[in-house]
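Below are two complexes that have subunit A in common, paired first with subunit B and then with subunit C.
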Partner chain A sequence: MKHGRYPFILSFLALPVGLYAWLVILPFAQAFQISLTDWSGSSNSFEYIGFDNYVNLFKDERLVLPALRHTGIILVVLPVVTIALGLFFAFMLNLGGRVRRGRIEGVRGARFHKIVYFFPQVLSVAIIGILWKQVYAPENFGGLITGALTAVGLPAPVNGFLADTRFVLAAVIGVLVWSAVGFYLVFFSSAMASIPRDLYEAAVIDGAGRGPMFFRITLPLLWDSVQTAWIYLSIVALDVFVLIYMMTPERGGPDAASEVVGGVIWKYAFNHGEQAFASALGVVLFFAALSLAVVSLRFGRRERIEF
Partner chain B sequence: MTNTPADKHLMFNRRNLFGATAAGLAVSSLAACATSGGDDEAGEVEVGEDAENPFGVDPAAPLDVVIFDGGFGNEYAVAHQEIYKRAFPDAEVNHLATQAIAETQQPRFAEGKPADVLDNSGAQQIPMDALVSDGELAELTPLLEAPSYDDPEVTVRDTLREGVLEAGTFNGKVYALNYVFNAWTIWYDAKLFRDQGWTPPTTWDEMIALCPTIKAAGIAPWTYAGQHPVYLYDMFLMLAGRHGGVQVLKDIDNLKEGAWNHESVVLAAQAMHSLGESGFLLDGSAGIDHIQSQTAFNNNEAAFLPCGSWLPNEQKAIAPADFEYAPMGVPYLEGSAQPGLISAGGDEPFVVPKNATNLSGAYEYLRIMLSQEGSQIFGDTVQATTVVKGVALDNEAAKMTDALVSNPDDMFQPQFRYWYTKMNEEVRPALGQLINAESTPEEFIARMQTVADETAADDTIEKFTHED
Partner chain C sequence: MATDTAPEAAPATDETAPARARQQAPKPEGNVLNVFSQGFLWLWALMVIIPVAWIVLSSFKTTREIASNPLALPEAMHWANYVNAWTNGNIGGYFLNTVQVMVFSVAGTMLLGAMAAYVLARYEFPGNRVIYFGFAAGMMFPVFLALFPLFKTLQNVSLLNTYTGLVIVYIAYSLPFTVFFLTAFFRTLPTGVAEAAVVDGAGHYRLFFQVMLPMAKPGLIAITIFNVIGQWNQFLLPLVLLGRNPEDAMISQGLANLALRQGYEGDSGALFAGTVLAMIPIFIAYILFQRQIQAGLTAGAIK
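Here is the complex of A and B:
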């Protein structure tokens, strides 16, 4: 390497790396430091108490443990359902239609469907929250689903879906899936478009149906995209704070039935005045997210096929 | 967060200015981050001889006021600041009106540079228990002992209504001035009751007997803001306190062993439970917020609604013109020892941070707020009573509320919700489950007794008690 090149590169890197260190790494490091104290958040005095916060974290039956459980459920259900639906819709829109003159086409009106499915992606999450809060509302307060259920003679929760401990988490996950599936439909569609058509046509000639075509050709060749989607969705799943905050009673209720880790961090930091405890939970979440990404990248690795 | 590195501990002189530039990044990041900043020795404010300026306010010192911009707005505060500037024309008053109290003010406390006067209210208030146990607040005794704004012969304390300092008192020390007088009552539409020929019930049994009649008229007896079960807190506790006397509630606040297992508390829990079980709640109540429940109430979809004194004024423009807001105490249980007990006192806590730059100015500002002129301004702008005596409001609901709180011995504000955040977080969902008959009274009692015992056993939580 030529003389003087390093200083040249370094001079370019100094500013971004410096900013990154100051605005990202330092706060992370500080969250860890704070998590070892008893800092309330509204004072400039604190004492170091070792790992007490971390120990107490896993004794908190009221907020933290339910939140970890719920975040765990979302972490599993959200990616699986969203990716499954996204793949299914993308497959149908691209290859679900009839075979015409040896070419496979999507279902009728595929372009229109794509736009409709993508639509929730354009809405801000605040609007989605307000919208669905009303959709899930009690029947005599204008709830759409409860009203529809009653209209066809089916039982509906009298207080709406969000005020019922049995349904609230599922209701929130439903909204998450609804708002994410459009994006992954488009995402998988474009990935599918890059799979050579002759592979499918060969499969059709060999007499393969839609099912084998999907599982033998599409899915293996989309594996990279599925993996990417999985990681993105997992990150979303670790932070559903906004929807919980906007939609559910008492921001995580009723009775902690929809608490998630992000929301509990917020509650401890600002409602309870226990910033140190919140930081400890934040550190746990940070490492959980990190290991999640590492694990899914490691175990998801497959042989690449060039075409 | 913008910040100058001129913290008191970081004085830059010419000699180390060079190094300071290099260290600029580190310093500003440290100052910007939460865990630095000096703990200044807070100044003490003495009450001087001068009745015009008892705290010795520096006329040129700026004053930093932060107002919660909620239901009361901030117009009244601007008017208070005008009075302050009339007295100290050279002082610059910095006024911030916001709903995000914790988000904007908590970092300032952490830095050691808080506002001078802070209206710590709203959903985003900084937890009082944390502020008090961290020693972040100045005690308000100098203010209370100072001569009042209008009459130097009368101290500020003597201008206040009875029992209004209770809410801001922590272990006998007053740390917050709760400026608004509020009573938690059950509201009903007097016109509806008149038209239907119903008598507003005074006892629980009368109320329960009336409920089927109300239902027969196509109206649900009760509704409440199901998404915020905190609206049930005072109703439930007054039910218990009325039955067993105020000591029952003091024992709960004082975390006395077995306080929740007291017979009166159990009876109150059973009564609350019976509302949901008997179907006396408006369908969907558990799923609605306070605005929806109040709207349903305005539309006569429900007959009773538990809420605070601010309600009629808040609903004035919204409720039908002939809707007659009338308050009553929670219908008491049979055999009640203190049937007049009512949760009333100060609300909307104004605090003075101990590290405030202009401490004496802050006291003076509160003294102005408590003047006849200051509280009349508040009463006129927001149609709510302040804690100052002798400011009358010209509306029927306020007069009826005054009649309910006429006996100072019957006024008591349950405090554990404010003293112990953990118990607050437990009682709210627990009450919501109870009234909807999702949990049994026994489960409710056991749950609350558990959290009370845990709080009592936790040495890291600072304890507060009622005097006497």
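Here is the complex of A and C:
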């Protein structure tokens, strides 16, 4: 089998590696290079200006600074809320049922719940955007929430939730959580299924309630999964843009109240013709993602419990 | 469950009830919790069902009804919305465009991804680790950063606004995850079968196509599902790379265009009908394959 080994390896790797290098690695490398110039993107002339773009990023109070703030908020809220809900629902599905003859049961209809919860995960962002834009719409456009609030006599924002600087970011985060929870429910649920049942049955005999069971048995054994979920959701949070593009006024408004880093990169690159500035912001985003992954892998690590 | 409740309820009126309750201490707590957990689970289930069902209902209303009576049922089934979405909104056309691209992009992703992953998993050679980590690192790249250089790259080779260009870009951007996942999968396959095939005189190529690929079927199915859903839902890449001819758009793009037009023309009935039309094939595929889809998508997260 030694014979023809290297020609074989080469023939199998050439195309995938070549395509990947040409269309993924090279454009990213070029983006790093562009970020050190003053290139507009349309002309052919540019000069290297060092790190000026990076310095100017943090002086842009109109778009970049609000975007960094909002992306920061999403980065904290989205993983915390999604993981909490995912764990809670997964625990309920697997262990929220009755105790019968010393055995804890899952709730009835667990399969049905999983199917329903997971469904938003397979819908495209375009569909989710259209759906929720109408749910949040002002009353005179037939919004669901404003209509329901008015129907029971509660006040509702006159222009709907998305055209109101107070609600728009929370509304978008709500949609992000809505579409992500099902995925993490299924994810945590399959991790929980691998925890031996006798651990819980021993806890029942010792008279432990569900709260201690969750915090003393489930959570420690699921720590690896929680950590993975955290990294995934952080990357999702940093990449949030399409939903904002689809749903919000001025694609980040009103008054930059839902501006995020991805959206600002988009605006500078494709609307304002400031390619170099946009690339610098993209590079910042890249390093943010990278350091987040490294940090959570480093500090999230705990002693692994074998079971 | 119904058969169990009767005998359990009976002793409650008994003299010995308190004693029994103490004896089975976890039981009442379990019952309260059961109601509590069912309540919360149903609350979220309704939060998923209601907006989707509401849009389906709204797609049968006239635009005037949608604005004035959002919470009411449609007065009559207004099928004209669907006719509008199909003919003026071109949903059927976008659908075919997307299928046309994805037949090639998914097949290409799987073939190239499996080839690279197989070599990386089962052959030792200098540079193996570098290539492997090179692919894995691609999962961290924010796609925004590459959009503009990518646009220029395709422009230089005249592949901008072509399906060929989009297909190769889809393949390139799906490779990191596909290679990462399949490498792990190929490593878990038993070596015994491969060795037996080699003894029988199989070469490297026959070993891959006739022995290893069939053995890797579960992994290939999972990651195919992952890629189908991922590429079907792509939004940014076609928006940038396929911007010129609106009628060539992918389905997500086409829906976004419809949403934009609806903003001017105010025909929200047709927009919702278009959204429902785009949802139907996904819904059917989801119900049929939900087990595989859930396994395929979450398998990706378990490393």
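One rule holds for everything that comes next: the second predicted complex is superposed on the first by the 285 of 307 C-alpha atoms of A that agree within 3 Å, B and C clash if a C-alpha of one lies under 4 Å from a C-alpha of the other, contacts with A are read in each partner's own complex, and residues count from 1 in each chain.
The criterion applied here is as follows: a contact is a pair of C-beta atoms (placed from the backbone, for glycine too) under 8 Å apart; a residue touches a chain by one contact, two chains touch by 3 or more.
Every value quoted in this text rests on a predicted model; they were computed, and no experiment measured them.
Enquirer: After superposition on the shared chain, which partner residues are touched by A:V17: those of subunit B (first), subunit C (second), both, or neither?
Expert: A:V17 sits against subunit C, while subunit B stays out of touch.
Enquirer: Which of the two partners, first being subunit B and second being subunit C, lies in contact with A:E250: first, second, both, or neither?
Expert: After superposing on A, A:E250 lies in contact with subunit B but is clear of subunit C.
Enquirer: Is A:G41 touching anything from subunit B or subunit C once the two structures are fitted on A? First, second, both or neither.
Expert: both
Enquirer: Just checking: does A:L26 make contact with subunit B only, subunit C only, both, or neither of them? Give me first, second, both or neither.
Expert: A:L26 contacts both subunit B and subunit C.
Enquirer: Of the partners subunit B and subunit C, which touch A:W266 in the superposed model: first, second, both, neither?
Expert: In the superposed model, A:W266 contacts subunit C only, not subunit B.
Enquirer: Quick check on the superposed pair: does A:V107 touch subunit B, subunit C, both, or neither? Answer first, second, both or neither.
Expert: second
Enquirer: Going by the touch definition up top, name the partner, subunit B or subunit C, that contacts more of subunit A.
Expert: C
Enquirer: Let me test your reading of the model: by the given contact rule, A:Q275 touches which partner, first (subunit B), second (subunit C), both or neither?
Expert: both
Enquirer: Go through the superposed model and pick first if A:G72 touches only subunit B, second if only subunit C, both, or neither.
Expert: In the superposition, A:G72 contacts neither subunit B nor subunit C.
Enquirer: For subunit A, what residues appear in both contact lists, the one with subunit B and the one with subunit C?
Expert: Shared contact residues on subunit A (touching subunit B in one complex, subunit C in the other): 22, 26-27, 30, 34, 41, 140-141, 143, 270, 275.
Enquirer: If you look only at subunit A, which of its residues touch subunit B in the complex?
Expert: That would be residues 18, 22, 26-27, 30, 33-34, 37-46, 62-63, 137-141, 143, 158-160, 162-165, 249-250, 253-256, 267, 270-275 of subunit A.
Enquirer: Across the complex, what residues on subunit A touch subunit C?
Expert: Its residues touching subunit C are 1, 4-6, 8-9, 12-13, 15-17, 19-20, 22-28, 30-31, 34, 41, 85, 88-89, 92-93, 96-99, 104, 107-109, 112-127, 129-135, 140-144, 147-148, 151, 178, 181-183, 186-187, 190-191, 204, 207, 209-210, 225, 228-229, 232, 235, 238-239, 241-242, 246, 262, 265-266, 269-270, 275, 278-279, 282-283, 285-286, 289-290, 293.
Enquirer: Give the list of subunit C residues in touch with subunit A in this complex.
Expert: Spelled out, the residues of subunit C in touch with subunit A are 1, 25-27, 29-31, 33-34, 36-38, 40-41, 44-45, 47-52, 54-55, 58, 66-71, 112-113, 115-116, 118-119, 123, 125, 131, 134-135, 138, 140-150, 152-153, 168-169, 171-173, 175-176, 179, 198, 203-205, 208, 229, 232-233, 235-236, 240, 251-253, 255-256, 259, 268, 271-272, 275, 278-279, 282-283, 285-287, 290, 293-294, 297-298, 301-303.
Enquirer: Would you mind writing out the residues of subunit B in touch with subunit A in their complex?
Expert: Residues of subunit B touching subunit A: 25, 29, 33-39, 102-103, 106, 109-112, 124, 126-127, 129-131, 133-136, 226-229, 282-288, 292, 296, 421-422, 425-426, 428-430, 432-433, 436, 438, 460.
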